[in-house]
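Order as written gives the chain letters A, B, C, D, E, F and G; numbering starts at 1 within each chain.
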Amino acid sequence: MESNSRPLDTLNKARDKKVIIELKNGKQIRGTLIAFDIHINIVLEDAEEYQDNELKRKFGSTFIRGDTIILISPSE
Amino acid sequence: MESNSRPLDTLNKARDKKVIIELKNGKQIRGTLIAFDIHINIVLEDAEEYQDNELKRKFGSTFIRGDTIILISPSE
Amino acid sequence: MESNSRPLDTLNKARDKKVIIELKNGKQIRGTLIAFDIHINIVLEDAEEYQDNELKRKFGSTFIRGDTIILISPSE
Amino acid sequence: MESNSRPLDTLNKARDKKVIIELKNGKQIRGTLIAFDIHINIVLEDAEEYQDNELKRKFGSTFIRGDTIILISPSE
Amino acid sequence: MESNSRPLDTLNKARDKKVIIELKNGKQIRGTLIAFDIHINIVLEDAEEYQDNELKRKFGSTFIRGDTIILISPSE
Amino acid sequence: MESNSRPLDTLNKARDKKVIIELKNGKQIRGTLIAFDIHINIVLEDAEEYQDNELKRKFGSTFIRGDTIILISPSE
Amino acid sequence: MESNSRPLDTLNKARDKKVIIELKNGKQIRGTLIAFDIHINIVLEDAEEYQDNELKRKFGSTFIRGDTIILISPSE
């Protein structure tokens, strides 16, 4: 990854890939990154909620409000 | 869902459909998505409040302030 | 309620009607919706504060700051 | 109070009158409303702080930052 | 104090006077008001920190970030 | 470092270097600073999460939302 | 310090001087003020973290996000 890239470029490269999103409430949502905007609002597909590494729930596509997000990283 | 879509496009496709909204206070509101705006303020119809998967209350239409929302997903 | 309506349209239809407002501090204010703005600052008349469904206090008209509000729904 | 009024109109009518302000930290400030702005920053005169309905302190005029306010109502 | 004054006018009149500032973390800072801006960022001189009415610390001049402030009142 | 520099200049000099980021939730993320923007959204590569100085997890590249960050400092 | 000065003027005079910064999480960072901006983002050099007046850690230069800061005062 060359220097001078911007953070949203990184999110753009993660489109259609699996990501892990950590939320401020301590939960984790894993799924395929479909869409994002400058507020870091996110849409995942095939989303799954984990708490303490335990699968809690499965969603189809999920809209996550940006201000609840701590970090986003590739799933692998 | 094609790439390059934006998060609000996803909300738009959920209009008139059943959604589950998770709030920062740990509660869940389920209902039919009627309206939203860029702040993610939401209006649901036939809304029901759940806590720990137990139905707590029924509303008619409900206005939910966007900054209290963690995520929005289709009800099934 | 037709599609493509906006959340504030819903508030507008609730003017002069009884509403229940849930606050982030766990309290509930019930009263007649007199005025609101884009910040969801609200003015109620004949407002009553409830906690755990128990009437705690009566106000005349009350100004509620928008950022303390979780949701607004018709009282019945 | 006619329909279509805005929330700040209500505050304007309360100028020079006694109001009760509830703060997010659970305290109550009572006094005469002297000034406000669009952030709901408030100046009271002859302000008194109450906690659990007990008078804790008297101030002269007091500037209250808007983002600490839950609601403002006439004292009667 | 005449009607229609704005909250910042009140702060302006308090310049070079002793004030008490209450912070969201429960502490109190007392000192001479030297400067403020529209964010209610404040500079005090001869500032002293109190907790539960006990003097904890003395500063020289102190810059206080506006969003940590609950209220500002004249020291007497 | 000469005077009159701006905070983002300092971040710019840290590009491609190891940094430690402290988050509001008490965790620490260490990695190589790849990108940042004016909201202090950050991208790290070879990121590792520490809690109480214990390595908890390794990520590849990680996007960190700016409003969860307390401070950023060079790793050595 | 003459009247009508603005809060950022005070920060400007503290450049290249030792300051104490109190954070919302109860920690204190001491160091030499190198840079700041209108969000009160701060860069310190030779920064040291204290908790309950005990030195916890030394950094080189440190970027501190403005919204985590309560106050900034000269170190003596």
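The working rule: a residue touches a chain if its C-beta (ideal position, glycine included) is under 8 Å from a C-beta of that chain, and two chains touch if they have at least 3 such contacts.
Remember, predicted model here, so these are calculated numbers, not experimental data.
Q: With one step meaning two chains touch, work out the least steps from chain A to chain E.
A: Minimal hop count between chain A and chain E: 3.
Q: Kindly list the shared contact partners of chain E and chain F, in label order.
A: G
Q: From the mean C-alpha coordinate of chain E to that of chain G, what's the distance rounded to whole Å?
A: 19
Q: Distance-wise, how many Å sit between the C-alpha centres of chain A and chain G, to the nearest whole number?
A: About 34 Å separates the centre of chain A from that of chain G.
Q: If you average the CA atoms of chain B and of chain G, how many Å lie between those two points?
A: 42
Q: Name the residues of chain C that each touch 2 or more other chains.
A: 67
Q: Starting from chain A and heading to chain F first, what is the chain order around the ring?
A: A, F, G, E, D, C, B
Q: In their complex, what parts of chain G are in touch with chain F?
A: 15-16, 23, 25, 29, 34-37, 41-43, 45, 47, 59-65, 67-68
Q: Which residues of chain E touch chain D in the complex?
A: Those in contact with chain D are residues 1, 3-11, 14, 24, 40, 66-67, 69-74, 76.
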